[in-house]
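Next up: some structures, all given as structure tokens.
Paired with subunit B in one complex and with subunit C in the other, subunit A is shared by the two complexes that follow.
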Partner chain A sequence: MKRRKFDLAATPGKAAVGVDDRFAVATPLRKLLNKVFPDHWSFLLGEIALFSFVVLLLTGVFLTFFFEPAMTEVVYDGSYAPLQGTPMSAAYASSLDISFDVRGGLVMRQMHHWAALLFMAAIVVHMLRVFFTGAFRKPRETNWIIGSLLFWVGFLAGFTGYSLPDDGLSGTGLRIASAIMLSIPVIGSWVTSSVFGGEFPGTIIISRFFIAHVLLIPGLLVALISVHLGLVFKQKHTQWPGPGRTNNNVVGERMFPRYALKQGGFFMVVFGVIALMGGLFQINPIWLFGPYEAWVVSAASQPDWYVMFLDGSTRLMPAWEIPIPIGDGYVIPPLFWPTVVLPGILVGLSTMYPFLEARHLKDRNSHNLLERPRDAPARTAVGAMAVSFYIVLTLSGANDVIADKFQISLNAMTWAGRIGLLVVPPLAYYVTYRLCLGLQQHDREVLAHGVETGIIRRMPDGRFVEVHQPLSASNGHADGHGQLDYVGWVVPKKMNRLGALGPAIRGFFYPIEKPVEAPVSPGHPPVEARPEREEIGSGESRR
Partner chain B sequence: MTSDNDRRRGLLARLRERPAARSRGRRRLGAAVRLIAALMLAGGAYTVFAPGAQAQDNPQLTGAAAEGKALFDVSCVTCHGRNAQGVEGRGPSLIGVGAASVEFQVSSGRMPLARQEAQAHRKPPVFTDEQTRQLAQYIQELGGGPVVPEGDDLREDGNIAAGGELFRINCSQCHAFGGGGGALSSGKFAPSLHPATDRQIYAAMLSGPQNMPVFGDNQLRPEQKADIIAYIQETLKHDQDPGGFNLGRYGPSTEGLAIFLVGIVALVFASLWIAGKS
Partner chain C sequence: MSTHTEHQASQGPEPLDVNDPKLTRFDIVREGARRDDIEIVHYEPQVLPGTKAERRLTRVVAGFFLITGLASTAFLAIYIWWPWQYEAGRGGDKFYTPLLGFTLGVALLAVGFGILTWGKKLLPKEVSIQDRHEGQVDSEGRTITGQTMLYMADELGVKRRPLLGISLLAGLAPVAAVAAAPLVGGLISQPHKNNQMFTTGFAAAEGGQRIRLVREDGRPIRPADISSGGQLTVFPGIDHGVSNRHADSPTLLIHLRDSDAQESRRANEKVGHGDYMWGNYAAFSKICTHAGCPASLYEQQTNRLLCPCHQSQFLITDNARPVFGPASRRLPQLPIEVDSEGFFVAKSDYTETVGPDFWERP
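Let's turn to the complex of A and B:
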């Protein structure tokens, strides 16, 4: 009997046929796998947030195995000697156990915390990319709103998370949160006592924050992220303008195999960076803060960076108390404005921005092509204004650390923050606007007159003129200049971008191709014709 | 003298009457002697109880204190004045601050002051240990005050756990959870505890230098001070930072800086690299 030969190469194909016979997935899958994504580094920033969220889920699950979300008082007897015999909550004791007695617990805790910081940082950076390129415009306003909500939900996730260990720092944060809730007129005291189950700190808050942190908020995040990605899929990714790219097509790479492989690799890179930071940089040393006690507040008690702008606004707010003589008399404390009203305004402004801009520009068209920041100077300038506002607040949130380490008076820092908050954003608007116009102007100049060659020619009459290399062939104009339209994409500004010197050697750390021999001198050009030349008019299409 | 006269004078006068009438000259002499005796008594008492001009210049100083006074008169007198009485607008009086204060200020290099500003900074000390002791002895003998106990190791038998709790309650508000210091108002600050010796920490608690409150022995008992010193020296300074590089222990502000400078920068480079590979 003849044995059938096992053909390894045909196995995947056979298996695929088998799967398709049973589930009939080939047709929809083909569409999915052939979906095209445009390729640009700035489109990968959102993925950093997505991937760090995955790391957060993985490390978070590990931490829940060992964390005990209870405020029962226990006496610590773990291996961290300086706290032995100290009475503390079970939550703090189990956090210490995770840090010192659970194998790999500390690195997991630190990875979780760094991943949380990275998640928020990537959200902000991605949001800036979307804002400054105009990717939020019709038809993608909904996704912009979901993205903004993701920031605020992530904010809540972070806050509930760093409140859980019940160390001195998180307790201080909770105390401030309770004060913020109390500052809301009329309903403040009801809100606080329902959240904390009575007077601060109560005995229930850790358990409540735990369930919010491990179930409710992650659930909400997963839902929002799914809709966010689904909409990107449905509405297709935006792309930069350029050769062959129009408002009605998408030029890029297929989902499978290249895009999927790249994304898989990028996930590993993100995971690796988080793991490295978790292993190399100490974050939130809860053992130094000690158990939370209402009378213990350390200097340099700051929230994590994405909450710091609220701390800053609180520090800058003058002590203006508004008494309202109704009934027994109400008081609106100064804390209410920077911590309740300001975030409310920020949420409203940021989510509504796409509609505000469309209304202002009377723009009802769909936009699938991105705009370079310089091509929308007003938007870029508004963005710079918002960023500088946020940075002034964030720096003010750390103003005591800055004052101490740079030996500046804390009072001077506070006043610099107050004045800076009003002065810096308009200044940023003006400077950014002028920069955008200047960059545009230079692009137009190059399109009209060509690239500077660096060659100065002396005319017979003794004049010197600079030689420009026009970007297009002469088409009958007397001055030898062609006409190129301003299309809002990269204009080559150096001769080697035009192929005059050959492309730069490619490769990240070492050349991935043999470098072409450079000409010996300008007088001795290479003998062989160069096989490949840069296409004039696009510096970016060479890939 | 007649009997009629005697009858007219009262009983008191008759009792006072000398057995024999003295001459006018003797009576005058007696008054003069009594006056001189009273004057001498008053003068003597004054000399005994009130320090004379002679005593003010030459207090009874021990040898060390005399050395200290010599140093004081060269290096400190400009601001703290003659006999450490202070100079208005320049330096406070040192009467009663005690040896603890001198030891803290001089051994940590804060005194002599480089310039008048919100607060003295730690510098390399100008005086040797011996000279510091002499200065401290001088100030101590001038007006008394708190003194740091003998010995370089003031944390013997200190309970680190108890010290940690006391540190967090009493010290961390200003010196921060890691002992790295923190800002106070108007350019004042709580310094880092990391360069401080046992004696300096003890002296600071006793004397309350600059903006620090005094933690006298009735606020923190000597054994509690030993606990705190043990916590600072053995935990805060020798904690090996199990989590890796501690980012200066400045709390979440440097952590936020790190995530952008390290995390985001690394990943943006990674995305540039990946997007370039087409």
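Let's turn to the complex of A and C:
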């Protein structure tokens, strides 16, 4: 029998054929490789959240190898000398061990915490992008709802996570959480004692929070994130208006190779930034706080930033207790409104917003083109209102620190917050609305009269006028101006954006003097247009 | 190829014969894209092969990858050889975590920038347009799926055989409850066991033995231990009294100055607490009635007690009435006296509920 020669070069091809024989993946794979993604920097904000989540999973798994989720009382004998001999919970002792007795444990712990903060921050910024550009409109309402839920589930993940070390600061946070549960009318005391397994703090809460933090909540997050991404994939990404871009197409790059490479590189950058922060910036130094003791707290005890708005709302709430004189008498504590009712309203309003807006505008169409914030003044103003509301609450969450650092009376800070919460949002609405209209008007002016050139001309009769560079050729109008319609995208407002001066060509350290000649590759481009397609227009509709 | 174009104008795209040996690889890629309703309208290399620019960019990317290699090696070397165990003072171990983070960060950033440069500068720029098929409702598909589902419902015959539906509901509803029962039943916990929400560690022991006020280290307190205007956190002198098992019991024992003490006593008498103070000493719960933090910042000059969590302020000389902030209820006062041995004891437990407010508190 003749021995066949082994052909190394043909191996990958053969293997590929073998795979396709079994799984028939060639065509689906091509579709995946070819999928077109529109490109804009603002589309990357959600990716930061996704990548932070990956870092959270990686570092979190590491931490579970060393953390002991138990409230058993032990006496610390680790290497951190100032706490040696102190009685504390096993959870706190093992958190100290991660920080001091596990090699490289502290950098992992700090990376985990920073990644959590970045995760929440990226979610918020991504949400603002989606809101202000109208990307939540039909057909993407479901994804907006999932995104809002991701914020709240992330909030829970964060809270359960920073409660785990059972240090002085997180124990105080837990105490407040138990008081919040207690404040719920009718069932409050039952909820609290069921969650804590008896009276606060009990002996089981850390184990319960642990399983919630490492299994239940991450499972929910993974599920929500998968659906979120799946829907983005299925519904295709929104895009900005522009040349050739319509509601019915996606203009961008195919997924492979360029888009995927950029995503991979971006992931590494996010990962790298988290590593730098985890190493260089100290966060949550639990060894300074000591174990949790119910009678110890220090001033300026602040939660993580995404919880601060609730802390602020709690501080601003007036002491309005509602007594209910039935039978022995009942009471609704003031704590109930800012910590249970307010988040409830916020969840409801934010998730329902797409439907509220569509109903208000009687808009049933699908929108795949984004709107510039200025083009939807009412929405932008509502968004500004929400943001200012959030900022007043967050600042109030730190009002004792602000009062201390700026030598302001603490009570004055509280009153400023109370009044600000009512006054600032409407003001923000009005100012934003006017700003949007002003920006719109300027766009229309440039389209009608052209770009300001800075050239002043003296007329024969002595008047001085500024010469405007029209954006289009004269169209037989008496004033010599052409008229352009606004197409929902940036209107050039400087001469060099029109090409009159030519943009400076940037190099890495020094400007490259002459533009590179338009390259022509031997193989492919210039690409011939598909024969039966109509020519791609500029996107500007001329009259 | 020319024959294809003629047809396409009238009949839409006709698939290219991808086995045509004359086709370049790019032709096949473009054909694949077209089959996915994607038109590559612009495809332009950013650097030409063999140019100076290409060589420069290649060096940049390679440089980034080499930095990654260096930084990773440095990370490993530091991880293995740098002293990392905690020592008091300013040892080299304080740099262990920053160095690890720095080297890891640099390694990851460099690989990221390398990939980004490769993708953004060395790969051709392209503009592709993919059809969304927006607004093309597949009404036939909807009809078929809808009818299929209705057909399945018909086949099940719930309409004709209503008993099936009713028994299904009646049978399955309890099953759902069965799934929930162990969870709810296991977790639920009676909040008023041993009247725990209304009692603290100061409740008199069996036999009416009154409970001493003790310090953090368990030693009892004599009146002379606190100077005028001073205050001390005290605990019930029982087993585990100074621990989180009695998280509601921490109490602030305050030695008021004469004038403040008189004012305080008058206020006490108004609410029928005339005998709660002992001399110029008064004891109030340290657990804030708002959210349960320890209200621990005592301002001697104004006799105000401030809770650092949400800034509720309580006026000690007026029965610890809340005067500012979100708290709505005064801090409960502990009736105290001095026993025959000269130590502070609680005359009884708190007469008002300690800690954050809840529905059935009154």
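What we mean here is this: the second predicted complex is superposed on the first by the 484 of 543 C-alpha atoms of A that agree within 3 Å, B and C clash if a C-alpha of one lies under 4 Å from a C-alpha of the other, contacts with A are read in each partner's own complex, and residues count from 1 in each chain.
FYI, a contact is a pair of C-beta atoms (placed from the backbone, for glycine too) under 8 Å apart; a residue touches a chain by one contact, two chains touch by 3 or more.
Because the structure is a prediction, the values reported are computed rather than measured.
Colleague: Looking at the overlay, does A:Ala122 come into contact with subunit B only (first), subunit C only (second), both, or neither?
Modeller: first
Colleague: Please determine whether it is subunit B or subunit C that touches the greater number of subunit A residues.
Modeller: Here the partner covering more residues of subunit A is C.
Colleague: For A:Leu410, decide between first (touching subunit B), second (touching subunit C), both and neither.
Modeller: both
Colleague: So, A:Ala398: does it touch subunit B (first), subunit C (second), both, or neither?
Modeller: In the superposition, A:Ala398 touches subunit B alone.
Colleague: Would you check which partner chain A:Gly168 touches, where first means subunit B only, second means subunit C only, and both and neither mean what they say?
Modeller: Touch status of A:Gly168: first partner only.
Colleague: On the A-aligned overlay, A:Trp144 touches which partner chain: subunit B = first, subunit C = second, or both, or neither?
Modeller: Touch status of A:Trp144: no partner.
Colleague: A:Phe100 in the overlay: touching subunit B, subunit C, both, or neither? Say first, second, both or neither.
Modeller: both
Colleague: Looking at the overlay, what does A:Gly290 touch: subunit B (first), subunit C (second), both, or neither?
Modeller: The first partner, subunit B, only.
Colleague: Looking at the overlay, does A:Trp41 come into contact with subunit B only (first), subunit C only (second), both, or neither?
Modeller: A:Trp41: touches subunit B, not subunit C.
Colleague: If you stack the two complexes on chain A, which partner ends up touching A:Asp304: first (subunit B), second (subunit C), both, or neither?
Modeller: first
Colleague: Subunit A residues touched by both subunit B and subunit C?
Modeller: Residues 81, 100, 106, 110, 253, 258, 262, 265-266, 269-270, 273-274, 277, 279-280, 293, 295-301, 400, 410-411, which sit in both footprints.
Colleague: Using the touch definition from the top, list the residues of subunit C that touch subunit A in their complex.
Modeller: 5, 8-9, 12-13, 24, 26, 30, 32-36, 38-48, 53, 79, 84-86, 88, 96-102, 104-120, 123-124, 126-135, 187-193, 196-197, 233, 235, 244, 246-248, 250, 286-287, 290-294, 296-297, 308-312, 322, 324-329, 355-362
Colleague: Would you tell me which residues of subunit B are touching subunit A in their complex?
Modeller: Going through subunit B, the ones touching subunit A are 118, 160-161, 164-165, 168-169, 172-178, 180-187, 189-190, 231, 235-236, 239, 241-247, 249-260, 262-264, 266-268, 270-278.
Colleague: Taking the complex as given, what residues does subunit A use to touch subunit C?
Modeller: Answer in residue numbers: 30-31, 34-36, 79-81, 100-101, 103-104, 106-107, 110-111, 171-172, 175-176, 178-180, 182-190, 192-195, 197-201, 236, 244, 247-254, 257-258, 261-262, 264-280, 292-301, 311, 314-321, 323, 328-335, 338, 366, 368, 399-400, 410-411, 414, 516, 518-519, 521, 523-527, 529-533, 536.
Colleague: Using the touch definition up top, name the residues of subunit A that touch subunit B in the complex.
Modeller: 39-45, 47-48, 81-86, 99-100, 106, 110, 114, 117-118, 121-122, 125, 168-169, 253, 258, 262, 265-266, 269-270, 273-274, 277, 279-285, 288-290, 293, 295-306, 308, 394, 397-398, 400-405, 407-412, 508, 543
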